[in-house]
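Same chain, two partners: subunit A is paired with subunit B first, then with subunit C.
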Partner chain A sequence: MKLLTLNFLTCARKTCKSTAAAFPLHPKDAELEQIEIDMNPLFVKNMLPRLEWEAMKTLTQELGLPALPAETPAPEELTTEDGEASQVLKDLHVLLMETSVASGKLVCGNCGHEYAVKEGIANFLLPSHMV
Partner chain B sequence: MSPLAKEGEAYEQEHVHAVYEQIASHFSSTRYKPWPIIERFLRDRPNGAIGLDIGCGNGKYLSVNPNIYIVGSDRSTNLVGIASKHQPHSVVVSDILELPHADGIFDFAITIAVVHHLSTTERRVEAIRSVLATLKANAPALIYVWALEQDGSRRGWSEGGDQDVMVPWVMRGSKKAARQQDCVATTQTEDKVFHRYYHLYRRGELEEEILAAGGYVLDAGYEKDNWWAIAAKQPD
Partner chain C sequence: MSRPEDTLPPDLFYNDVESRKYTTSSRIRSIQASMTNRALELLDLQHSSFILDVGCGSGLSGEILTNTEEVDGGPHTWVGMDISSSMLSQALERDVEGDMLLADIGQGVPFRPGSFDAAISISAIQWLCNAESTSEEDAPDRRLKRFFDGLYASLKRGGKAVCQFYPKNAAQRSMISSAAIKAGFGAGILEDDPETKNVKLYLVLTVGGGDITGTVSGLQDVDVMDARRKERQRNGTPADKQKGSKAWIMRKKAQQEAKGKVVKNSSKYTGRKRKIAF
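And then the complex of A and B:
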């Protein structure tokens, strides 16, 4: 599961969803992998303003990855003077689109429930007593 | 034959979830062609849009538009495994009534042939409410359900008939199954029949449920034995 996805996931329990502590979920014992995919510079540029940047920073920090810039990079930082994809954009592509959680757990900061990630797929089905 | 509301979940586990888990590979091999209205809806999304495909099955709609990002989800682990091959998108295993997404953050959602698998009106309305909750104000959700009015199909359903039905899924045995490389049932030799529960929607019923779920209808219609609607959440 690519790191971008974690920006759009929270605890599945209704009682947690509205709490600030349920987002972002916290990786635990996470094994990362790189899955190479084609870069789509315009998509990255358009998608960036939709991200919760603070949550991305928290995630990269918890995974021990290089620190992200303090603020969402501005559009002009994403292209070079001759209109090519900048290094900033290339790095974001690698981090958001290619870096993936292969296995481990995602932990809710509110209730502590751990969702398993296996073979790159997270499972959010709740045991019946938690629904 | 509509089961009691409180038994809905257990009923769906047996007559929907368990069946899809068993027929996943075979089901997926028959589902590859996107329907035109759904394809157009996805192509019309702006570059960089972030959306959901709730009940994504084998993920056949994930690859329609490479300039948007979709988080697909399905109740069936086996189908999600198949859907995970559609880069650059992501898929997770989750239930439409307990989605792992914050409210009000997505640009669009689709839920195709999913809501008709919930076994009471109350649960179907709750499912639609759950989908609409994920969306930004006025962001569209495209919903498809099977129609009761299928006079043109061989299934024999039509207006006035029973709306709660069990629909057979036949996995042919012998040669055909053996040829299907990734079919889970390659070792079987006899036909195997699975039954899935469906609620068949009568004209207007999908729109009624959208209103009951606190949504409003932007557009709606009928296509090939299905009722569809594009809905959005009423502002608070």
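And then the complex of A and C:
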């Protein structure tokens, strides 16, 4: 599961929907992997304003990845002066699209429910009493 | 032909054998591909987008999203949800690019508000109409409500969703579309090849305003039947409210009679206009 997707996932329980602690989910015992994907500068640029940068920072911290800048990179920083992809964009692409959680657990900060991740697929099925 | 929806719940029906059959059958693949392309046409995405694939199965539709050409607004990045683990393992074998969740769409959509540009669903949401247990929480209307509420929240404003589905009957069709409307979507149903065996229904949903009929304006050979107009007419003044109409007169006479007043007998001439004297 890409880190990009993790930036949008919340706890599936109805009781957690309204609480702030249900997002982001916290990775636990996570194993990361790198999958190479063609870079799509426009997509990264479009997704940038929609990312929760604070959540992104806690996520990288919890996964032990290099620290991110304090603020969301500005759209101008993504391209160099001659229109090429800048280092910022390349780093973002590697972080968001290529880094993914292969296995481990995702823990809700509110109810503490653990969602298992296996082979990159998270199990969000809830037992019926928890829906 | 029997409907798989009538036999077993989706997580059990799509077991390893059935999932492989589904994924490798060239007939199903070509039908799925044409439906996905049609849905993409309806979504009319201008640039590469973040798409939710509801009931992604083995990623047949996702593959098309990934491989959309740049001139058509692609390539898109997608996240899929499916309840069948066998289907998802087929997807893993085929090495699709999107992320996938093992999740029951009848339990809601676990994404934060405004996550996706668009959503697509191919032959999935009719499964929501099956009750898997007798508990009230699992009733089809509750499952539909949770799904459409979740979907509405997870799409960004101005986002669109296209759900191709196979309703069992007219009741199911209206149950699904009314659930979508209740969640706040602007909804319309596009019918391809109507009145044939191969009829395909696409539920087109928009978040936040705008006329739903605008979504098909770019397509050819599409007739728009506006159900809202009929509704409006139906909601117009009912017959016995219109002053001077026969129904109104009859109602008033009955009222007076109930009060104990003397009322003239009614006949076929009651409430008729007099002939013009000349």
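Note that in this section the second predicted complex is superposed on the first by the 131 of 131 C-alpha atoms of A that agree within 3 Å, B and C clash if a C-alpha of one lies under 4 Å from a C-alpha of the other, contacts with A are read in each partner's own complex, and residues count from 1 in each chain.
One rule holds in what follows: contacts are C-beta pairs under 8 Å (C-beta built on N, C-alpha and C of every residue); 3 or more make two chains touch, one makes a residue touch a chain.
Keep in mind that this is a model prediction, so the values were computed, not measured.
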(request) With the two complexes superposed on chain A, say which partner A:Glu119 touches: subunit B (first), subunit C (second), both, or neither. (result) both
(request) Once the structures are superposed on A, label A:Ser18 by its partner contacts, choosing first (subunit B), second (subunit C), both or neither. (result) first
(message) So subunit A touches subunit B in one structure and subunit C in the other; where do those two contact lists coincide?
(response) 1-2, 4-5, 8-12, 14, 17, 23, 37-38, 40, 42-43, 46-47, 50, 97, 119-126, 128, 131
(request) Could you please specify the touching residues of subunit B with respect to subunit A in the complex? (result) 9, 46-50, 66-69, 71, 73, 75, 77, 80-81, 84, 87-88, 90-95, 98-103, 105-107
(request) Within their complex, state which residues of subunit C touch subunit A. (result) 47-50, 75, 77, 79, 81, 83, 88, 92, 97, 99-104, 107-108, 110-112, 114-116, 133, 135, 137-138, 146, 156
(message) Considering only the defined contacts, which subunit A positions touch subunit B in the complex?
(response) 1-2, 4-5, 8-14, 17-18, 23, 35, 37-38, 40, 42-43, 45-47, 50, 97, 115, 119-126, 128, 131
(request) Flag every residue of subunit A that touches subunit C in the complex, lowest number first. (result) 1-2, 4-5, 8-12, 14, 17, 23, 37-38, 40, 42-43, 46-47, 50, 52, 97, 100, 119-126, 128, 131
